[in-house]
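Both complexes below contain chain A, partnered by chain B and then by chain C.
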Partner chain A sequence: MSLASLGRPSLIAAFVFAIAAATLCAYGAIKRKPGIAWAGARSLAVAAGFVALATVSLMTAFFGHDFSLAYVAAHSSRSLSGPYMFTALWSGMEGSLLLWALLLTVFSSIALRQAIHKNPRLVPWAGAVLGGVSIFFLALLVIPANPFIRSAPIPADGLGLNTFLQSPGMLIHPPLLYTGFVGFSIPFAFAMAALFTGRLDEAWFTTTRRWTLFAWSALSIGIVIGGAWAYTELGWGGYWAWDPVENASFIPWLTATAFLHSVVIQEKRRMLKVWNVALILLTYVLSIFGTFLTRSGILSSIHTFSEGPIGKWFLPFLALMLIGGLAVVAWRADALRSENRFDSLLSRESAFLLNNVLFVAAAFTILWGTIYPIIAEALTGTRLSVGPPFFDSVFIPIGLAIVLMTGIGPLISWRRMSKGSFTRIVRYPLLAGGATIVVLALFRVRSLGALLAFSLCAFTATAIVGEFVRGSRIYRNRHGLAWGPAFVRTVLRNRRRYGGYVVHLGVLLIVIGLAGQAFRTERQAVMQTGDKLSVGNYVLTYEGRTQSQTAEKQVNTATIDVTRGGKHITTMHPQRNFHFAQQQPQSEVAIRTTPLEDLYVVVTSFDASSNAAAVRAFVNPLTWWIWVGAFVMLCGMGVLLSSSAPVAAAAPAPSARRFEKVAIS
Partner chain B sequence: MDHAPHRKRQAKFLIGGAVIVFVLGGLMAWAMARPGSTSYYLTTSELVQRGPTASGGEVKVSGSVIDGTIHRRGLVTNFAITDGTSHVSVETGQPLPSAFKAGANVVARGSFDGQTFHASEVLAKCPSKFQPKSQ
Partner chain C sequence: MIRRCIGVLSLSTIVLCTILAGASVAAPQDVANDISQHVMSPFCPGVTVHDCPSDNAIELRAQIAKWSAGGMSKQQIMDRLIAQYGETIRAEPATSGTGLLAWVLPGVAVAIGVVIASIAALRWSRRRPIERHGAVVATALHKRVEAELAELREKL
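After this line comes the complex of A and B, so read on.
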């Protein structure tokens, strides 16, 4: 018996154990018998084991080129090997769902196990919800999306993996996104458990705080890596096109980011309880919705709506989650009342609230643009598409307002603040923002969006640096430390706060990189050997084509000499290749990247008879900062994740004294 | 006695909320009306049926590239696309996407003069995320 034949029985076993888990947990919750619920949690762990076995079984089939499995035959070939076998595993719908189910059952089992020690009262209901969600995904794998269907006849070789996916970016982008999407199930399940049990204090989100941060971090980095993949592989010079598939990952990211911020208000001031529950519900539903959009085929072409094989499974599930979730929130509305009120418009709470409104507004507008074609078709029968001008027009203003609030928020104290002290604390950031505008205007920067972006980034960066300086000064004065060690100690002793600031700095760098797009230039030409093409300050000289051949592809390499101001800078080698197995031509981009600007060169075609090359060249200013910003964000996330969960609602005073107290504990 | 200032605060928050909703609504309406924000998304049959595009207007047409119709002259490419029942000739001076080939599903944006579709952009359906439609 081969390992591959174990796949399907394992999935069925996992499905049965998930049903047992949900039933036992729900029964234990209703009858208030925790012992039964613990058995349910263990049953979910058994389900996780079986899903893992199924995954190993499919993986073995891939590495063994077992084309008797239709999925293996459709997504790999004999020439495929090494790490891209994993990419092949999740390159299709069935494999993606298997990965999803694996992450879901494993995360759920671990989270429930942790919570039994930390917060046992929420476990039964959380287990019932996670078990229920697992039932759904395992049902998909057992019935409409079975990855273990046999092929008949067995082909000699597989169809191979799409060449665009054979890239390191695609090895890590999908698992990161799924980790993000699936990770949000944990806080979602505990929020539901809090509603069912009526234990609506902050326990549900403090218990799952690390999961939320972990999921959010994975999603953030996953989105950036997706952009980096598009930039280096697809050859159109950009990294984000407001494609519905991209939006599907960005919308839940926006609501999750709102959630990360608004739980802080509940923690410190016991306010916004309904809002927080609603936000995590929304985030979860939107992440499922995103998967539905990308995997049902609804968006590849709108009229394939009804043809999507799993679309009809997702819609009722989505409806159940959304309507069921909202009904439970409404049922508990009384218990969700705030214990405090907003004291003043000029308070940290208000700033957080405004930040939340902005994030949710951004999510809503992007969702609107994404699903508008579906709505318009349903209402008028004509198909429309919504393009980047819409998304840029709504997101840039909202995004800039968010950048502004990122700077202002942390400067305002909780409850209320006098206008005088606000003016005092905001003057350096204002000075920096104003000076940036003046300097850039002198350098003839004319793009309003970019001017505002740079100026607001300067404002917010100054505000954040001010926070670091104020924190470090305490250690300098008390312990006589130098700035460096004082800075490190500041960050390490209050990781939640300063980790957050590090993430903010990373975001600012990304915004700077995005704003650089305002100055991008593009040129294209058909070049004969010796022809020159100037783009930005560069002059490209086409020096000819060389051809070679490997087992997989025919390789055509252009040699392009690059000069600036008459001085040789580099020689670039963009390629235009032909992959035999997939019968697929593909361009390999050449990029020369510097912090100031990227020179991006792509050959879109070679003439068959001569050596003439159709060349497209871009100068993309500041793009480097996007990747650096993502790295800085990652560092901040590390600091945040290493911080311990808050013990109890702390007094709302981020003063030096409290800071010391936290430092000791 | 504490009521009056509390009411006043509440009113401030309400006004603030109303302003935000109003601004957001205006922003969305403005964005939807911008050129290029929305365009018709047609199949080749629908395009042929509707006839020439109104001057200045842009539509999107989707179809698969017919084998043997791709001709390149310098930067200008001619090809024909079909939805299975009718076909449309497309001409573009723009670079074609990496995944462009005979049989590929493409979406062209541009205008139709009744004979030829003049594309200002040709996109291939994202090769990463979608399953082959029929097998």
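After this line comes the complex of A and C, so read on.
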């Protein structure tokens, strides 16, 4: 018996254990019998083991070229090389769902085990929710999306992996996105557990704080890597096209970011409890909704939805999550009342609230644009397109407002701040922002959007650097440290705060990179050997084509000499290849990257008889900063994840303590 | 002094923006690139003609560039493309008819969100007498004491 034949029985066993887990946890929660609930949590760990076995058996089939499995035959071939066998696993719907189920059951088992000591009262209900969600995904794998269906007849070779997916980016991007989506199920389950048990203090999110940060970090980096993959593989000179698959990952990222900020208010001031529970519910539902959108076929037409194999499964599940979740929130509305009030409109709480409104508005706007074609088709029968120009128009103003609030928020103190203090503290960021506009305008920068973006980045960066300077100055004055050690101690002593600022600096660098696209230059031409093409300050000279062949593809390499101001800069070698297994041509982009700009050259076709090449060349200013910004964000996330979770909510403010004394006396 | 500086700075930047954000004359190929970013590809679902890698899209881009070089305006080219491929080729909904709702709703939603948050913040930040504030804290405190007592009872 081959290992591949264990796949389906393993999935069925995992499904049965997930049912057992949900049932035992729910029973243990209702009857208040922690031992039974703990048995349920262990059942989920057993389910995770069986899903892992199913995954291993499918991978074994990939590596063994076992084309008796239809999924293996459809997504790989004998010529596919080692690491891309893993990409083949998540290149189709069934494999993606298997990866999702694996991450879900493993994360759930670990989270429940961790929480059993920290927060034993929430574990039974959290286990029931996680078990329930696992049942759904395993049911999909057992019934409509079985990855172990047999081929008949068995082909001699597989169809191969889509050539665009044969890239290092695709080894990392999908697992990171799934880690993000699935990771949000942990805080979601504990939020639901808090609602069921009525323990609506800070315990549910302090218990899952690292999971939330981990999921958010994975999703953030996954999105950026997806952009990098599009930039280097797809050959259209950009990294973000606002297509529904991209939007499906960005929408929950926005609500999760709102949650990460608003949860601080609950922690510090015991406010916004309903909002926080609603946000994590929304984030999780949107993660599932994104998968539904991209996997159900509904986006090509509303009429194809019911024809898709899993669309009709997702819709009731989504409805249950959303309506059930909101019903539980409504049931606990009394217990979710804020325990404090804002002391002033000019306070960090207010700034966080406004920031939250902006994030949610951005999420709604993108969701609306993504689903509008479906709504329009359902209402009028006419299909409309909603593409990048719409999303740019509606998102950029909100995005710029978010950048502004990123700068203002840290400057304002908790509870209240006098207008005088605010004016004093905001003057340097304001001057930096204003000076940036003037300087760029003098350099004849004409794009209003880019001017505003650079100016707001300067404003916010000055505000954040000011925070680092103020913090470091305290250590310098108290302990006589040099700036460097004082800076390090400042960050290490308050990792949550300064880790957050580092993430913000990374976001600003990304915004600078995005704003650079306002100055993009693009040219295209059909070039004969010796022809020249000017793009930006560069002159490209086509020097001919060379041809070679490997087992997988025919390789056509263009040689393009690049000069600037008559001086040789580099020689670039973009390719236009033909993959035999997929019968598919693919362009390999050549990119010369510098902090100032990228020169991006792609050959879209060759004329076999004359050797002429159809060339597209782009000068993309400041793109390098997007990847640097992502790296800075990653560093900030590392600092955040290394910080210890708060033990309990902050003590009530002095004034509140006084009132408590009054009340007690 | 600071306020005056900020005022002068803000005014000068607004003036500069207004002057410099004026339209500039673009080359025909830049116009073609711009148009291709506002037109969905009939050959690749979900992406613009600019971003679509198919050979047909490359031909269409070249055609748009020819029309642009031939003196057709952006609007004339858009009209021609819509006549040829239908309304779905527009990458952004029209600002009339069914398309209007797509544009209006996000603005309305943002406005409603900001208004609700402002009202909530105003109500929450309104100063109240000490007795009432004390009562609020007392209620919250009472609930916490009750919850902790229940937990203690359970443990015992």
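Convention: the second predicted complex is superposed on the first by the 646 of 665 C-alpha atoms of A that agree within 3 Å, B and C clash if a C-alpha of one lies under 4 Å from a C-alpha of the other, contacts with A are read in each partner's own complex, and residues count from 1 in each chain.
Everything below uses one rule, namely that contacts are C-beta pairs under 8 Å (C-beta built on N, C-alpha and C of every residue); 3 or more make two chains touch, one makes a residue touch a chain.
Remember, predicted model here, so these are calculated numbers, not experimental data.
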item: Superposed partners chain B and chain C on chain A - clash or fit; value: clash
item: Which superposed partner A:605 touches (first chain B, second chain C, both, neither); value: both
item: Contacts of A:446 with chain B and chain C, given as first, second, both or neither; value: second
item: Which superposed partner A:92 touches (first chain B, second chain C, both, neither); value: first
item: Chain B versus chain C as contact partner of A:431, first or second or both or neither; value: second
item: Touching partner for A:372 - first (chain B), second (chain C), both, neither; value: both
item: First (chain B), second (chain C), both or neither touched by A:318; value: neither
item: Which superposed partner A:584 touches (first chain B, second chain C, both, neither); value: first
item: Chain B versus chain C as contact partner of A:628, first or second or both or neither; value: neither
item: Touched partner set for A:385, first chain B, second chain C, both or neither; value: both
item: More chain A residues in contact [chain B versus chain C]; value: C
item: Set of chain A residues, in rising order, touched by both chain B and chain C; value: 234-236, 243, 300, 341-345, 357, 361, 365, 368, 372, 382-390, 393-394, 398, 524, 587, 604-605, 614
item: Chain A-facing residues of chain B, complex; value: 6, 9, 12-13, 16, 20, 24, 27-28, 30-32, 34-43, 60, 62, 72, 74-75, 95-101, 105, 125-131, 133, 135
item: Residues of chain A defined as touching chain B within the complex; value: 74, 92-93, 162, 164-165, 170, 234-236, 243, 245, 294, 297, 300-304, 307, 341-345, 357, 361, 365, 368, 372-373, 382-391, 393-394, 397-398, 524-526, 583-587, 602, 604-605, 607, 614, 616
item: Contact footprint of chain A on chain C as seen in their complex; value: 2-3, 5-6, 9-10, 12-13, 16-17, 19-22, 24, 29-30, 33, 37-38, 40, 45-48, 50-53, 55, 58, 61-62, 65, 87-93, 98-99, 101-103, 105-106, 109-110, 113-114, 116-117, 120-122, 124-125, 128, 130, 133-138, 140-141, 143-144, 147, 151, 154
item: Sites on chain A touched by chain C in the complex; value: 32, 121, 198-199, 201, 234-236, 238, 241, 243-244, 270-271, 299-300, 335, 338-339, 341-345, 347, 350, 353-354, 356-357, 360-361, 364-365, 368-369, 372, 376, 379-380, 382-390, 393-394, 398, 423-424, 427, 430-431, 434-435, 437-438, 441, 444-448, 451, 455, 521-524, 587, 604-605, 614, 652, 656, 659-660, 662-664
